[in-house]
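In what comes next, chain A is part of two complexes: it sits with chain B in the first one and with chain C in the second one.
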Partner chain A sequence: MQPIKNIKDIPEFDLLTGGSSVCAGCGPSMGLKLALKVLGPKTIIINSAGCMTLLPLFPNTPLKVSWIHNAIENAATTAAGARHGLDALGIKDMNVVVYAGDGATYDIGFASLSATAIKNERVIYICYNNQAYGNTGFQCTTATPYGSDTKTTPRGKENPIGNTTIHKDMLKLMGVHRVYCATASLAYPVDFLNKINKAKERDGFSYIELLGTCATGWNFDPRYTIKISRLAVRCGMWPLYEIDDRKLSLNKEFKELKPVDEYLQLQGRYKQLPPDGVIKLQSLVNEHWAELNEFNEKRYV
Partner chain B sequence: MKHLLITGNEAAAWGARLIKPHFIPTFPITPQTECIETLARWKVEGDLPDTDFERMESEHSVMSAAIGAAAVGVRVFTATSSQGLMLMHEVLYIASGMRLPIVMVNISRGLSAPVTLWSDHNDFLDQRDSGWIMFHAENNQEVLDMVLQGYRIAEDPRVLLPVMVNMDGYVLSFTDEPVIIPSYEDVKQFLPAYDPQHTITSDRPVTVGPPVMDEYTDYKAQMHLASRNALTVLDEVQNDFEKIFGRRYHTVDEFMLDDAELVLITQGSMSTTAKAAILEMREEGIKVGLLRLRVIRPWPGEIICKALQNVKAIAVIDRNIAPGKGGIMLPEIVESLYHSINRPLVSGFIVGLGGKPQTEAKIKEITHKLANDLASGRPRIEWNDVEVS
Partner chain C sequence: MREEELSYKGIHGIPVILEPGNAARVDRSSWRLVRPVYNKDKCTMCKICYTYCPDSAIAWTKEGPVINLTSCKGCMICVEECPTNAMTQEKESS
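Up next, the complex of A and B:
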């Protein structure tokens, strides 16, 4: 498939149709709907237990592609098995795509992901990162940003910050596996789909991390899903970049970032983050942004 | 056909080699390692041209990849042991729930802690209710033969459940025994090329493993019925197997049961020792026989009951322990006998944990204790290797 130039080039067909039980304004399901426009019907989605597991609910499914749900921690190696199976059958034209949340990716499934990546299995791994265990009601993962309120890091007298752990730098970790890695945002669908397209053309493993903007968990009005997805990029909370053969490329450069406060204000999960928490979060964002700019178009990992 | 002097691990590997699986995901663990090393060597030497041998990063991922490949529609083999089997535990239920005909050899080893490398049966008995068909071999020939039979049973449309072939670590896994290696032609006649019931190809989207609501019970009931079907299928498979290979295995292995008053119920490799002891005790005029449990799931309760209909006393010899309860197989046997007209006395003996050798002398001691129990009319539950008070 040729690179997509603008939003009008995005195919109109849908392989994720209506009738699913996801929340209003659900970013991850929008992400899958978009990704399938590039992936096409010859696709097997390997899902790890999480919000998206509820897309098919027997005997109904909104999906027009194949779907395997195994458990939570093993989507990558289930995908590797499916790829080996397809190879044994001589089927080369099927995409094997993992669609897994951040808990399944950063935490419980990291060993399975790492092993599949380092062996460069022909799998496209898309992590829809909603920055918490969403399906169980929003508990902290190692992808949860500093300062986020979650059900297992609630704000309180003893700890007004919420989550005090700085999240894992997953792109860097995946970059050292020498595979194609990229971040993506729903507000930049052309960028996202071109990254999927790039991954699809590869004869190996790719890791794409989509900000899984989550109205329910982040506690915002569902109509703001795209607005918040855009602000995340503009504030430097979710920079868009790729690592390819260990080299970094920033995909959206800004002379100046918007202050993170603009992004935080729209979301209930940050509403009561005290000023020193906001300052700390801003400094983490600045540090990351400076690092990305320093290594832009250079060897990064 | 040829005769080789090989270990249980090599017999398992030969079983895999003969059936030509498409995919073998692996992870090493003592005492299984030799099995996958053998397959890796054969792969590189060109003896497994149609097989994809793959290293995984854990047993959990071995079974996960096995599920991915089997769901797509290819024949999968793997082997594990002990802690590895325990790590797979979660996904074993998923493999059987998805009705995937995977065959796995488990080389039994006691569970940590404390660490032991030697055999007992807690590892696979912990998977007893996972929905897998479970066999337990007595010797290396049976290991190989059960791998071949395992695929026939697993892939039968009336069954479609994964099969676990168990053997005792060290005693079989690392001991050379003469094994008949069937020819590829005979194996192909017994087990034709894989024609999967369910596949994922590019033409037809399929959903595997979605959430269900009320239908959950229906799925589990179907699994139960499928497992029960395996008893019928097993008989048919034995007929075909005997026709082609000239050997036959019965669902339960009966040894000198016809006129036996005392019966030892055993599993796995210790059965060979027990049979030797029985031959000697028979010389002394003791009417003792043996029933070996070959098929653990599906549970052949009626067959066991029938085999034991005329006996007076039974010693269930458990090489496992459910702490706080006792031997795992004892209550299974007792449950089956409860409905029989002739209810024999049943004593339980817990033996051989962590590989403690079961000698003929120990088997004789158990038999004498059982004779005393019969005389006194009082069954016992006893640890054979240790004083427990």
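Up next, the complex of A and C:
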């Protein structure tokens, strides 16, 4: 498939219909809809337990492609098994895609993800990162950013910051496996789909991480889903870059980042974050952005 | 949807869905408080509303977007993102 140049080139078919039970304005659901436009009908999706498990609820399914639902630990190894099964049958033109959340990727399923990546199986792993366990009521994961209010790290008198840990740098971790890895945002669908296209053409493992804006958990009006995705990139909270064979390249470069305050103000989970928390978050963002700019077009990991 | 209308059957006692994408017929109109309204005069055919609809409730035709109000959950992303205000919102009557 040719690279997509602008929004008008995006194919006009939907392999994910409406009527599913996910929340209104669901970011991960939009991400799956867009991804299937490039992947096409010859796709097997492997899902580990999470929000997107709500899509096919018996007796209704919004999906027009194959779907395997598995336990939260082993989505990546199920995908490797599916690929080996297809190879044994002599089927070459199927895409095996994992669509798993950040809890299943960063925490519980990391062992199987690492094993599949190091063996370089021909699998596309898409992680929809909504920065908490969204399906069970927004508990903290290792992807939750500093200062976020979650069910297990509530903001209170004793702990005004909320989540005090700094999230895991997953792209760096996946980069050391010498696979293709990239970040994506819903506000830049052409960039996201070109990354999936690139992953589809490769004969090996690829890891794409999508910022799955979650209106229910992040506590904002669902109409701002795209606005928040765009601000996350513009404020440096979610920089768009890719690591190919340990070399980093920034996809969206800005002369100056917007202050993170603009991104935080729209979301209820950062409401009442004290000023020193905002300053710490800004310094973390600046540090990461400086690091990415320093290693741009160079060996990163 | 009533149970008789659903297209599934049991194979060796295990129920199987026969029609892929049958959720498109499920009525989600009770989820929304406001509905999007399309004004053809202001539309520039940019396809932004079609791309950003999370529930595939907007179909793209040669004449422009067609809103399927059965699937629309009223998230209003199309109204917020439309660059020319061709999508506006209206309160649900009942």
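Operating definition for what follows: the second predicted complex is superposed on the first by the 301 of 301 C-alpha atoms of A that agree within 3 Å, B and C clash if a C-alpha of one lies under 4 Å from a C-alpha of the other, contacts with A are read in each partner's own complex, and residues count from 1 in each chain.
Everything that follows uses one rule, which is that contacts are C-beta pairs under 8 Å (C-beta built on N, C-alpha and C of every residue); 3 or more make two chains touch, one makes a residue touch a chain.
Nothing here was measured: the structure is a model prediction, and the numbers come from that model.
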Partner chain(s) touched by A:Ala71 [first = chain B, second = chain C, both, neither]: first
Contacts of A:Ala111 with chain B and chain C, given as first, second, both or neither: first
Partner chain in contact with A:Phe58 - chain B first, chain C second, else both or neither: both
Partner chain in contact with A:Ile91 - chain B first, chain C second, else both or neither: first
Which superposed partner A:Gly81 touches (first chain B, second chain C, both, neither): first
Touching partner for A:Pro274 - first (chain B), second (chain C), both, neither: neither
Touching partner for A:Ile44 - first (chain B), second (chain C), both, neither: first
Which superposed partner A:Ile7 touches (first chain B, second chain C, both, neither): second
Chain C-contacting residues of chain A that also contact chain B: 56, 58-59, 61, 63-65
Complex interface listing, chain C residues touching chain A: 1, 6, 8, 15, 17, 20-28, 31-32, 46-48, 50-57, 59-60, 68, 70-77, 79-81
Chain A residues within the chain B interface of the complex: 41-42, 44, 46, 53-54, 56-59, 61, 63-71, 73-74, 77-89, 91, 93-94, 111-112, 114-115
Chain B to chain A touching residues, read off their complex: 22-23, 25, 52, 54, 56-58, 60-61, 64-74, 90-91, 94, 199-202, 205-213, 215
In the complex with chain C, residue positions of chain A that touch it: 7-8, 10, 12, 14-20, 22-27, 29-30, 33-34, 56, 58-65, 186, 189, 215, 221-227
